[in-house]
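Structures incoming, each one as structure tokens.
There are two complexes below, and they share subunit A, which is joined by subunit B in the first and by subunit C in the second.
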Partner chain A sequence: MGVSETYERGRRLLVERPFLALVVVVGVLLFLDLLYKLGTGAVGIATVVGHVWNGTVIGLIIGLAGIGLSLTYSILGFANFSHGDYLTAGAFSGWATSYLVAGLGSSADLAALFLLTASPRAVGVTIASKPLAVFLGLGVAVVFTVVLALFLDRVVYEPMRDAGGISLLIASIGVALAIRYAVVFVYSTDIRGLTAGDVPRSRLTIVDGAVVIDAHEVALVVGAVALMLGVHLLLQRTTLGKAMRAMADNKDLARVTGIPTERVITATWIIGAALAGSAGYLIALKRGAMNYNLGWVLLLLIFAAVILGGIGSVYGAILGGVAIGVVNNLSLVWIPSDFARVAAFLIMILILLFRPEGIYGGVKTA
Partner chain B sequence: MSGGGFALADARSYFRDSTAATAAGVLAVLYVLLSIAAMAGVGGTVPAWRETVLVFTVYALLIVAVGMLWRYSRNDAVIIVGVMAAIYVVYLMAGVLFLGLPLNGIVNTLRRITFLSAVYAMLVLALNLHWGYTGLFNIGVAGFMAVGVYTMAMLSGPADIALGLPLPVGIVGGVVAAALVGAIAALPALRLDADYLAIVTVALSEIIRLSYNSTVFQSSIPRLRLAGITLLPSIPVGTGGGQGIRTPTNPVRALYYKDPGDTSAGLTDLGEFAFGAADGVSVTLIGGQGVQPPVVIALTYVLVLVAFVAGFYWLLIRVGNSPFGRVLKAIREDELVANSLGKDTQRFKIKTFMLGCALMGLAGILWRGSTGFTQPGDYLPIQTFYVFLALIIGGAGSNTGSVVGGIVFATLLFEGPTTLARLIPELLQRLFNTQLGSPPSTFVGAVAPIAQLDLTPLLAYSLRNISTLRFILLGVLIVYMMQNRPDGLFGHRKEVAAGVDLRRPDRDTGAGAATDGSESG
Partner chain C sequence: MSDATDATDATDATDATDATDATDAADATDGAAADRTVGGETAVAGDDAPLLETRDLDAGYGDLQILDGVDMYVDDGEYVTIVGPNGAGKSTVMKSVFGLTVHMGGEVIFDGADITDRKPEQIIHEGLSYVPQNENIFGTLTVEENLEMGAYILDEVPQDQMRAIYDRFPILEERETQKAGTLSGGQQQMLAMGRALMLDPKLLMLDEPSAGLAPDLVDDMFDRIDEINDAGTSILMVEQNAKEALRRCDRGYVLVQGQNRFENTGDALLDNEEVRREFLGG
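On to the complex of A and B.
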């Protein structure tokens, strides 16, 4: 290993893949700029830590939702454009339950609770004040989304098992529209405030400022990590994981080997939808408000995470999710918030251009 | 069906397996029920019943007629004109007999559905070049439209954040910009599978929309600084941000007004004549004053649009029948084969992508650029899905199908539900003398009365939220089409590879168009 070898590699990169070299140069420049900004005090260290924390929180949700998208992508062989709306369905069903549980016996009437139009202050849901309502809501979000996904698989995707990926993709766009506007039909397009009251929070002092961490973010992180661990154990310790990997590799081969492919597909939908539903519920808990666009807006970020991590890889989806979340937030150091999503999409396009197999490319760890 | 007449066996098979025939059957049953009800004197208001029966009869006949045209006509122009004419009759009868619109309103309704049909037909034709011909799965149509319209508005719009160049410069600039962005998008198209390309194009269209929506470029393009160094100076051209941007005055106004931007400057000679003649039009059946100047101007513009649709159609037929087009179809069927035959498929893909994007930009300019104002909300991904659904209905790969798909989508699926929502209360009022009453404000308020077997609140709520239901309908329709008719209305037609007609006239009888149809575009 010498200077000349490093130089030679750099030269080859520049000649053979000039665009990649350009991307690397821009990346290095941005990193230097960040150091420069930290050094001159233009950007505080606490601000950067705050961006990283917020990015991680959002990223865990994106990763959680991404696991399901990644699994359906590799096992059913299509990019599911309705996955984001599974999050929306989970969030609305879960929060309707939370409101009904929390508001039972209060002055608010049932219709207002179900439609989430009751005053958030009157119902007063937080993880600290009404933990039971939150847990039941999360549970219903999971169950409802699973039932919805299985129903849709039965009605939409099962008759199309042999269709190509593009046909399924187009059908999933139709499903996405139907779910989203069914939610609008019941809940309208208004933004619903959800949580109110004092959420316990703590201030972490860092060098030149402080980062605020509240209980909902902690709940989200704990919930997301627990669910991810659960999926990890499920896929590593049971034969289901092995069957899924076999299916992702070669569906026909898996079938002739005696793997009950339809049951594996059902299991895939159950896992994916359960994670999507809980992700939708938790992100609404963190934000304290939601509307019918909740999942659709996140969908492209979820795709970005899955592609970044490598399609079919559970750990890739988690890692990709956190990376996309952090990029999404850290980009605020340079660009206005209007462009945070643009930055994440650009990262995804660059990954597709230069490493379409993703971080965990080639290794199917599902 | 060329040559011989229409055989009985054909008719039987047609009614057995045609969706149109099924729909006509449903209407026929409805017709019988209505007739019985009318004879029994339900509701008492006999004229309303007679009118309704008449209208439904005509509708049923129209569906059968259009279905037969679709099935047996070889002449694509006749099919397109026939479909459009049938839809005109549907809207005309509904407008005159049920909604009681004045002449100006009727003409304007027909104008509006023609306008929407034309712009969708253009967009679908452009998308057909990508997906239908080449198999490039582009779901960023809205983004390329936005580039065309915004570039045009920023180059030659009336706003003070625009450059104020002449309109032709703006239009050419918009089309070129859309093509260039298409070239950038084609970069991943070279490497990626179809589903990755889908994600990239939809992400790109969102990047474009979010950029136009941003306050950063609202009044000027700011200077670019990195690590304390200014890389680009500020440029005084803005996008208007979320507030939108004004687009140039529609040039057809210059035909009628001496100063297109200021009506008080007086009319041109043509304007005096045309406005006077239009105002003087009266039809005995339809009341109200004649056609008003704004509608006359809009009608003129619709004629321009129809000419553009014909131009798009001609261009795509020419492209499809050229050697270039044959390579595109080969790429769609099997890229590897095309490649191994020595065709540089990547170059073909880039060129096609750029041409299609340029056409999308032009269609965007002709649509959104003609209304005086545009905003980023006009270019949501849903706009792309509309165009895609229209292409799926028409049948990817068929230009005639693209035009018919655009017409069917715009008139029946997009405008249809809202028109129906206006018709239903009117019909209920006339036939049963019942009123729906004011719709409940919430879903629970609409559903709760079902317990007392009262469905009217739910109906009223549904009619008020018809635009939401329309989205659900479109979603369900996409799934239905993909499951049952992935080829659309015209995608089943076979294409001849040759650029010239190889059919021998003396042997060209026998089976119908469905089996050996020879539409080449």
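On to the complex of A and C.
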């Protein structure tokens, strides 16, 4: 009975959705191949664990940024293409602060510190050597990005509040370019090295090798999880959070109920930008370098994560972020790192084809 | 406009000759004050100003005008129904009162204050609550959160009012932690009313509360509206289920093409030959 049912389901899948069946087969083959590679020792277990860890770290950042994108999508009703550049703005403002704080009293002059042209080795920022500089930098990244987002809302998005999603989307592309080239104007297009010195790290021995986990990654994971928990509590427990969910659910009813929609929109920008700013700062901390393209390049992955999780859902964004991060890194088992993005976007396209509402589809959480 | 006046006048005349009930008599005597408008003429309740009054209200959406000189009023404690064919602008009257349409002329007075150009989030502070016809609950929020949102403008959730709503609709308390979207149609309608009652409004506006309900639930819904009215809340209601609505209410309006065609007590409208033939299906 059970076997014939399973067989019947499989047959129907094959006939009605051959492409989906093919995708499933490829997925299963890849999984078997991974097991085979692990079994024969072609790929070490530690390597795979390392990919998963790295993927999770990156994924949490993507998820953090995705929350903001999802919130603005569900409450303001448009896909904000400038969201990635909020990360860039946060990263540059935050790191300029970190350098100023860390480099005060060193040989580097203020301008060089602010412009991040001072030698990373001379400034020597790591979370262990200069924790104050890192915390202040993170704080400024948050504040600066929030102020920027509120300013842009006032001058660009508020006058267009009743415009359609497409007009707003196009406006946001303009905003994205404006932010990016404002950063280029100040910081040029050069890559800036940021951290230098010994980052405390520990080696976790796993069966056939070791996974290295450094303090910056731990800081990032702790920070990201704490912020996500904060967003969760805000949305579920506070009146403001409930009002945000109510407005995401039904704007017209929210107005009729007396929810001050403009105030909720302001709160949405504040939360989304704060998360974006901190995500930008933290990913630069992990990578130890950045340039003006930091956020723009990440934006596509953020979109992939948000779509994967179900656009508009905060929890979907987190889940999607981690999934995209892990897939992105795990694909390194088969393909060179230059092509890792291909895997992430392939997943996104497949989700769009077969489950366009996303993993969390239909469950609008915010 | 002149058509409407004629029609209404004609109706009044017929009713007056009928002169079977007190309201008609009052209408007739009021009519003696020659210069009063159609809306003014209907001030049955005496010298007290009505709770809600629209004067010569023109409104619509975008460039499209729907309401054409609507004069209506609701007295304190009164239960008023608006009936009429599809597209007559029944819902638009409520939306216009609540600041959700483009205002094109005339005025809306609530409890002595001119609320014509106010936004919904301001109007709700005046003691006026509105239950839209569709999507009138937050489906992804829990039942309790829906009610909390109803009291958003207050600093804290009024527990006694919440208690009163749970007592009125016990099923809501049972489903307190459930997502509102998972409730049945009837329960969702109760939740929508509960949400609107959280501020203990002076006037509750209900847009087609019986729409989409199973026939055996419709009566129950009307009973509950009666109870809310008996507890002192004035009601302004739009209904497709015109006969039942007119039977229940104190007074009714028949709206046709954005204009008042008839206005009288519910029973008188039910007895009116023309209203019956044209709008109540015989």
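FYI, the second predicted complex is superposed on the first by the 365 of 366 C-alpha atoms of A that agree within 3 Å, B and C clash if a C-alpha of one lies under 4 Å from a C-alpha of the other, contacts with A are read in each partner's own complex, and residues count from 1 in each chain.
One rule holds for everything that comes next: a residue touches a chain if its C-beta (ideal position, glycine included) is under 8 Å from a C-beta of that chain, and two chains touch if they have at least 3 such contacts.
Bear in mind that the values here come from a model prediction, so they are computed numbers and not experimental data.
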| item | value |
| --- | --- |
| Fit or clash between subunit C and subunit B when superposed on subunit A | fit |
| Contacts of A:A243 with subunit B and subunit C, given as first, second, both or neither | second |
| Subunit B versus subunit C as contact partner of A:I318, first or second or both or neither | neither |
| Partner chain in contact with A:F345 - subunit B first, subunit C second, else both or neither | first |
| Partner chain in contact with A:L298 - subunit B first, subunit C second, else both or neither | neither |
| Subunit C versus subunit B, contacts on subunit A by residue | B |
| Contacts of A:G258 with subunit B and subunit C, given as first, second, both or neither | second |
| First, second, both or neither for A:L87, with subunit B first and subunit C second | neither |
| Superposed model, angle subtended at subunit A by subunit C and subunit B (C-alpha, nearest 10 degrees) | 90 |
| Subunit B versus subunit C as contact partner of A:L177, first or second or both or neither | first |
| Lowest inter-chain C-alpha distance for subunit C and subunit B in the superposed arrangement, angstrom | 18 |
| Subunit A residues touching subunit B - in the complex, by the definition given at the top | 29, 32-33, 36, 78-79, 111, 114-115, 117, 156, 159-160, 163, 165-171, 173-182, 184-187, 300, 303-304, 307, 336, 338-339, 341-342, 345-346, 348-349, 352-353, 356 |
| Complex contacts: residues of subunit B adjacent to subunit A | 137, 187-188, 191-192, 194-196, 198-200, 202-204, 206-207, 210-211, 213-216, 226-228, 382, 385, 388, 392, 442-445, 448, 465, 468-469, 471-472, 474-479, 482-483, 486 |
| Contacting residues of subunit A [partner subunit C, same complex] | 239, 242-243, 245-246, 248-250, 252-261, 363-365 |
| Interfacial residue positions of subunit C with respect to subunit A in the complex | 98, 100, 119-121, 124-125, 130, 132, 135-141, 145, 148-150, 152-153, 195, 199 |
